[in-house]
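The following pair of complexes shares a single chain, chain A, combined with chain B in the former and chain C in the latter.
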Partner chain A sequence: MSPMRDRLIFIAQLAFTLLVAAFLIVPAALSITAGVTVNYFRGVQSGLTLEWVVQVWELYADTILRSFAIALSTLGATLALGVPGAYSLYVRGGRLARTIEEIITLPLAIPGLAIALALLLAYGGFSDFRRSWLFILAGHVIFTLPFMVRSVIAVFAAIDVKTLDEGAASLGASPWRRFRDVIVPNARPGILAGSLMVVTLSLGEFNVTWMLSTPLTKTLPVGLADSYASMRLEVASAYTLVFFVMIIPLLVAMQVFAGWGATARPAR
Partner chain B sequence: MTSAHGVTVRVEACAKTFADGTRALEPVTLDIARGETVVLLGPSGCGKTTMLRIIAGLEQPDAGGRVLFGEADVTRVPIERRNVGMVFQSYALFPNMTVADNIGYGLKIRHVGAAERKARVAELVALTGIEGLEQRRVDQLSGGQRQRVALARAVAVRPSALLLDEPLTALDAALRERLRGELDRLLRTLGITTVYVTHDQAEAMALGDRIVVMRRGAIAQTGTPREIYFAPTSRFVAEFIGAANIVEAECVAGALALPGGRLPLANGAAAGPVVAMIRPESIAVAAPDGASLTGSVDAVSFIGDRQRLTVSGAAPKPILVDAPNSIEVKPGDRVGLAVDPAAVRLLPGGPT
Partner chain C sequence: MTGTMTLRSFLALCLLPLALAVTAFFLLPMAKLIAVGASGKTGIAAYAAILLDARYRGTLINTVLLAAATTAATLVIATVAGLFLQRHRFPGRAVLVALLTFPLAFPGVVVGFMIILLAGRQGLIGEITLRLIGEKEVWAYSIQGLFLGYLYFSIPRVILTIMAAVEKLDPSLEEAARALGAGPLAVLRDVILPALRPAFIASGAIAFATAMGAFGTAFTLATNIDVLPMLIYTEFTLSANVATAAALSVGLGLVAWAILALARSVAGNAVAAAG
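Here is the complex of A and B:
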């Protein structure tokens, strides 16, 4: 390879790294610093404090816990609906299956606010449901289900799951046994990737949640918007810090978990 | 050879039209005896795999078709309740299980106890010659080993019928030939009703008690390998199985009138235009003087155990002749050709 080309590649990589730093790492770092600064407008010289973090925890601990509860419930629901759903859609095939897949995927193209509005119009009248966190859960499941279904179907296609299914059927396994013994274990990488996406999307979801939440069912991102609108900038930033502290270990844990799955069963 | 196992299989007026309107199979009827190995042979798209999948229960025949296992009508019974053993072209081994777990899976489904399962798996591991691989994962096996595991898994459950869909196609030529021999021995040992799909005529000849030659969704001919080879009933079968010279000529006074002379036919040949098939190995090379049929050698290809000559001028089209590897012959030579009248097979006329 020519030195000229090496140089160009180096410059491109450097530019990319700098862009990532400028627009992702620097703002995040600034925001985190702001959360532990005594007075943001006077800068770090004003001193460091955990006061804001404590304040956030006192004011918003419930939103944080609720967010995790909703994220895990969303994961449970998308696993229960999405994996068997993807199996039947993929193995059955045909026009009907494709149509259903398109319908499930629709929420990706529709603004979250529109989904939330539609949910409110349809089910807002059931006041107990509307007031509970289950209403938000419904919105999150609609929004995240396509991600689960898509990533599971992608793995199905890669491992030729149809033939594996026929193989298990020829040995006498009922559809349920096939699903449990053969389909799920071999689709694990896709299920893990889908789970990772569902949890992170649910934790960070704002559009749908903002419309569906009540003052008593706020989630972490809604609380963040709230604190930004009504509190000191330092408190909102401390909120971001809490969010980071909660979500980064979770993401790392899931990546490691997915990595184990991949090394235990390397893709062909 | 042990006694016959499994069931008789009857495919009755089974046709298959797919959702997009493709007609994969015309209504076909086929009876398979208990313990018999039937090979479905034909070019791709001839309907052989569709027929196998209908027998397996992976496809439903169009209305009016029936599949019978013994006396039982299994047309509406799904594959998991037909008690078949199936080997797929891609083997369909479960990557999440060891070799032993793959082989034992059908037994586990049938609630066979762990001890008995272990014994049966060991028996099949020995039968298929894969000792020592029991705890391996599927992705650590070679193609030939996978093929053996797939076969062991399919027969572990003592199926009513064994169904094989091009089980050797994914392997290279040398391995294919060796496994073909092993497979033949195994099928004879098991004595189980077997349906074997292939496009490879050598495989069909070696393994089949009977061969069903298929073409465009219909059965072209059914018979033993010898019948199919020596007495094809159509030009398609004659040309699909082995090498064949197809000669179109006029029959005059009990012999074919050819550009290079006369070729006597067996008694009873009616006068008029005929289509005859002659296998290259049934034509003998003789001295040109005094021969009733002569031609000139266009090409000689030395194969080793024999040499194949292309002779023109004898028949309307050049004909292939298998000569012994000992005779001296070169392009341009004039040769006489002698054919036993019994080896000339008349086919139903008409261009195909």
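Here is the complex of A and C:
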């Protein structure tokens, strides 16, 4: 093999990969620039400004705060439901547990629009519930639960939690104390990975949320869709910028965390 | 307080809240969706209409073709880039990987906006073609724009899966093939690509199912793009045709679920999660 040809193949592949990266990053960079530019069509030479970001806050602060509230509530609910549930499913094992796990994971395979329509048809008549942000919370919990449950089960499988549990049982600890003092601390990597996934997904969720929200319960992504349709490009971009600022620390945390060890990786 | 509780009843208690929530907010609503789908003027025949009605069938075929094209293109792009990134170490590689996976958490609406900035009326591509050939190319608000959007959100996911699979390849197989005189192309065709098959099936199925059901991108780009999620949206909100919207949703859910289930039976348990 000639080193010359290897060199050419390397350069061609590098150029291709850079092109793919440009396809993904250039629009994001354009959006970030547009969000802080006085006039996007005249370019950056028209000057930089935070005016659009301020305008976004005035127009959409409620959506930003609501998205945070829903994401944190979703996290609370998936922790409360998912961690004990995952423990029970893993320790029991058997066909029934596998079937239940399959059912919990189904929302991953079903488009969000269908889940939202189903919730709307089932509970749309309960108008207080339908009008409140709790309706959106229900959708987010169903949509993100699989990530928490699978992430925690993956850690249970990796650390052989059954042996730990039996060891603690032989010392006379009650099931509840074993769960609190042995199981949960050992499942921490899976709980953390699952939590990051749940919060990130909830903050960006649109497909389920769109049909569940009302003009008074808009979330950030629903507000984004709104601004893309009706606001000037600079405002839409500034709003997108706010979303990037919220989501990037979570993405970085996930990457750092995934680097810690294969056992801690979210099961996706 | 639970001192006398047996492990069996404790495990049941642990599962109870999860089971109740999933039943109340997923299983019952899904049953209702299926029932409403058969509650229109034509009854249960509404489900058959997805295939028999020319307009619905056309939209279904369109959606499947678009999802298939997205999947094929994504697999090719992600394999070239993923193999390259996993096999070479060079300065800036970590940054490049981070850039390629950065859009992983973008919702469909944001992806739609990215495509508008790239190929919309004031987009970058239009600016460039205006200067080069004197004509403004605008792709964003049509099925081409949607294709670009679906590529945008499937590339990062698939690249990650392919890179993880390449990392696990057994290098001794390639060395053996080379020692037997196989050239780089033959090694790629006969050793590397066959070994990556489970990763192709797993990530391809996820890309396909996600593209079938994606709604936010199409919603941002245009409401008249002829794909299934947009049809459900227009039937439900504009025509108030709830029964048809429900039947179409059930059909869409079944197709997406079947694709993932099929891929999992072929490629093993790595298949999950259409985000």
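A few points about this structure:
By our rule, the second predicted complex is superposed on the first by the 229 of 268 C-alpha atoms of A that agree within 3 Å, B and C clash if a C-alpha of one lies under 4 Å from a C-alpha of the other, contacts with A are read in each partner's own complex, and residues count from 1 in each chain.
Following the convention adopted for this analysis, a residue touches a chain if its C-beta (ideal position, glycine included) is under 8 Å from a C-beta of that chain, and two chains touch if they have at least 3 such contacts.
Bear in mind that the values here come from a model prediction, so they are computed numbers and not experimental data.
With chain A as the common reference, chain B sits beside chain C without any clash.
Of the two partner chains placed around the shared chain by superposition, chain C is the only one that A:I142 touches, whereas chain B remains out of contact.
Once the two complexes are laid over each other on the shared chain, residue contacts for A:Q13 go to chain C alone; chain B is not touched. Once the two complexes are overlaid on the shared chain, A:I32 sits clear of chain B and of chain C alike. Shared-chain residue A:A169: touches chain B and chain C both.
If you count the residues of chain A touched by chain B and by chain C, you find the higher number for C. Of the two partner chains placed around the shared chain by superposition, chain B is the only one that A:I159 touches, whereas chain C remains out of contact.
Shared-chain residue A:G112: touches chain C; no touch with chain B. In the superposed model, A:L79 makes contact with neither chain B nor chain C.
With chain A used as the common frame, the shortest Cα distance separating chain B from chain C works out to 6 Å. In the superposition on chain A, the residues of chain A touched by chain B in one structure and by chain C in the other are 169, 174, 268. Only residues 1, 9-10, 13-14, 16-18, 20-21, 23-28, 30-31, 34, 40-41, 77, 80-82, 84-85, 87-89, 91-92, 100, 103-115, 117-119, 121-123, 138-139, 141-142, 145-147, 149-150, 169, 174-176, 179, 200-201, 204-207, 210-211, 221, 224-225, 228-229, 233, 236, 240, 243, 247, 250-251, 255, 267-268 of chain A touch chain C when the two sit together in their complex. Contact residues on chain B toward chain A in their complex (touch as defined above): 19, 56, 58, 78-81, 83-86, 88, 90-96, 105-106, 109-110, 139, 153-154, 157, 163. The touching residues of chain A, counted against chain B in their complex, run 94, 159-160, 163-164, 166-174, 177, 181-182, 185-186, 265-266, 268. Interface residues of chain C facing chain A in the complex, by the touch rule stated above, are 1-3, 5-7, 10-15, 17-19, 21-22, 25-30, 32-33, 36, 77, 80-81, 83-85, 88, 90, 96, 98-110, 112-118, 122, 124, 151-152, 155-156, 183-184, 209, 212-216, 219-220, 229, 232-233, 236, 242, 245-246, 249-250, 252-253, 256-257, 260-261, 272-275.
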